[in-house]
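Letters A, B, C and D mark the chains in the order given here, with residues in each chain numbered from 1 onward.
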């Protein structure tokens, strides 16, 4: 494999840090995200160790508050939101739609620099002494009472927000303008549809967060602001503005995962995705209706009862398209020819965990039960099932699926399957007990807790150890494969997608000849045995 | 040196905008109670529509640009509608 | 001048239309950026109508109106410049852009004068604020909104002025089709800044004038 | 420890606790059904259609309106039912409390201060008689807190800048957890307490054992004079200020022609923001007491004005 590809196109630092090649930018994002994932993961580990006993023994309360804030901020804005869109998306999108690059390659690079700048500022805030507001920055605590580096952290998130906006903008324009000849909307892979929906949210929700963060900074710096209850300001206004972004942001964190699962389920059942149009439009419906549900975070906050009623109703509505997707994935398996390769194991784990996360979401959408469950571990467990059980699992699945394309190497199937299974068990052991804790009434963000909750906390902490090991494993076998893995063929899964029709790793210019699309996506032949092609 | 004159549509739009500005300031001093706010925002919307249609050339663009321009406004509507709903219906 | 198109595009037209569409998406983002502030304004105007009217009467309507007229005119000039963008009229085009920039700077200067006046009248929350006691709270909320909104708008103005200056210089030197697309996007941005001001003007300066 | 560890289940002890528990069981049941069906199908398909199994895979369908419409409709109907169920109970939980036995709760970093109308005060504890609705009037002195009693399946945020009414009833005597559920700073997890629900007789005995510094209203009366309120609002004052006797609970005509009921919130607002709602026929002369009175003192003043509510002016 001596041919030219994007990896050997240049070895200088300049060729990486000033690149406008979407594939290299994806790699830059990938490396940065691993770094942030480990910081966030380290904080999570400390939290779980501390919670193994009811008393405070490892860290002080101030430190504990800083840990969970750091865990939240890093994981949400510096891992989950950019995870699939900016690594797998950046790499695969132009290949999938037969384009030479994204529409605005320099904007893409700028987006990475903004991301890193935001990350650096946030890390600086953490190193300087930390932030203790929780990732939600609720006023008036964050503006008038917290003695920590709120403005700095807010600035970091603000900058990273613009990185998100630029990515979303770039994707939307790319999907509209750069599709290969013949690639009509309904011939697009569902991964593209889900990224389109994600981008809509990125572009339309993030600016509201940006403004809200500015208002926090203003209030903190001036000592007076529009959320200040002392001058008649309403702290609930902050919550409305914050959740207008942050609830749709939850869909930013799951839609790309759903998109990956479509690709995996289809490939490893060697079948078209069942109900393509329904799945495609379900993504768009989630993006749209997802904007109408934010008030379900505020059922006990004192917002008007009518508002609670409307938001609860909308929250149930938004669950419908998610249910449609789950049913369609299951139906895709029917009469398939199912291969249990590592990516498929991740996909199956995703379906299970996402469904549990989704169903427990209904508990929280349900007004009367939410009064009991909100701000308890029930919520913590619920969103970890969606974001970690869902998004991170999908991320790993997609990473394994496209690993041969990205690196040109094959990883160890044995270890990959082992880690998939271990992640599934470790995850459930960590987070299922938290549902019980929440139903029992243990509030979240508690550093010390009544002793009767200990049993479940110990289980959860034990699971966290397994989960941590399971998340470390891919580091080793994927890292090993980079240097010693077998060379990957262009199309190891014998998949019909455009990204597989170019060598692995792809050349700098993606395709030697402009591909032309003549048929719908997911036209799989039953087997992995490749027909002789590219010979 | 041909064609340096501004198109008539631009000039008309400009005059219309300045006229509307004068109108809205005048109306602000006429006691109309609740309708002062309505008048101010209606005239503001008309001015915005003129800027969008003529200066931003939206009238010469296809449906896709309309959708993109409209999406921002539509979501702004969601934010204001559901956001205000709470504050208007508190007991 | 040969006009190389980046490899992801098929043609000049493809590239230019894509750039314009990108600017529209960016404008949609910007609408929501100001949207958050406007929600805050509406909520508090609903809660403290009298205080908002009183606070609004303390703003400088003469400067506000003049600034609106200035901005509308500069928008008109930029739209005109887009229409006459061509090699043979490049100097006229650049001149129009410079005129728009001068108007933009005038806007900023007037805004500064207004800020100074408000500082003298003790209307700056957090630094020096003093208002009739029974309406102080609502008025303070109004002025927090006022300063944040106008400052962010002014920041957009400064960015716009910078972009226009770059475009004016480029147009003066050698207009090409690439510059036409860039000018078009810049103009869209400038008009958007104008649009935002139209609404800020109605929300900030007009309420409470008749009572 | 007063509460033995029982796996998973502590029944709710409030009147609606049973409803919430039933709702929870209903949700669990529905979820289990869906999850069971899904896992069964996943397992079935995975085994039956594994690649190595030579089985008839003919007549594949890639889409079916029939199926799509049915499961969309089915999910929708189920969700709608759950929505209505949850909403009905929610309105019971948060119904506006009748003017029952009132207890004042002030939340501040990081404690719950409780004031009974008789003047008895507690910190991080709340004694209540069972089977009797108690109206809590809650206020926060600093940040947002959340009053959470898991055993009553009840929670409400306490937002600074306003009073929050909440009705609680415990039906069984016992000690129950009180948590702060909204993150409020360093000692958030230390902002816990206990709810002690007692038989009515025990509660009465408990009240008498406490050494009240004086009934709340009486302390409020003292404050009323101390702060100079009586100088204007007292009888025989030269200043033209509205008399407060007989005010509580009555509609007050305002200068702008509207009416407002003189409830806790109105009195609180009138002390802090006196000129926001001017009573008809009076000059807006009263200075604001914002920053001059604490939430504790406000509660006492409100209690005092309430106590003179029955008197004729």
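In this text, a contact is a pair of C-beta atoms (placed from the backbone, for glycine too) under 8 Å apart; a residue touches a chain by one contact, two chains touch by 3 or more.
In this text, all values refer to a predicted model and were calculated from it rather than measured experimentally.
Counting C-beta pairs in contact across A-B and across A-C shows that the higher total falls to A-C. Note on chain placement: the centre of subunit B and the centre of subunit D lie 44 Å apart, centres being C-alpha means. Centre-to-centre spacing of subunit A and subunit C amounts to 35 Å, using the average Cα coordinate of each chain. With centres taken as mean Cα positions, subunit C sits 14 Å from subunit B.
The multi-chain contact residues of subunit A, meaning those touching 2 or more other chains, are 176, 204, 208, 232-234, 236-237, 240-241, 244, 305. In subunit C, the residues that reach two or more other chains under the touch definition are 21, 25, 28-30, 32, 35-36, 39, 43, 47-48, 137.
Residue positions of subunit D with contacts to 2 or more other chains are 273.
The complete set of chain-chain contacts reads A-B, A-C, A-D, B-C, C-D.
By the touch criterion given at the top, residues 6-9, 14, 17-18, 21-22, 25-26, 28-30, 32-37, 39-40, 43-44, 47-48, 125-127, 129, 136-138, 140-141, 144-145, 148, 152 of subunit C touch subunit A in their complex.
Taken together, the subunit A residues at the contact with subunit C in this complex read 94, 99-105, 165, 169, 172-173, 176-178, 203-208, 210-212, 214-215, 218-219, 221-226, 231-234, 237, 240-241, 244, 509. Contact residues on subunit A toward subunit B in their complex (touch as defined above): 176, 200, 204, 208, 234, 236-237, 240-241, 244, 291-292, 294-295, 298, 303-307, 310-311.
By the touch criterion stated above, subunit C contacts subunit D in their complex at residues 48, 133-135, 137.
By the touch criterion given at the top, residues 273-276, 284, 287-288 of subunit D touch subunit C in their complex.
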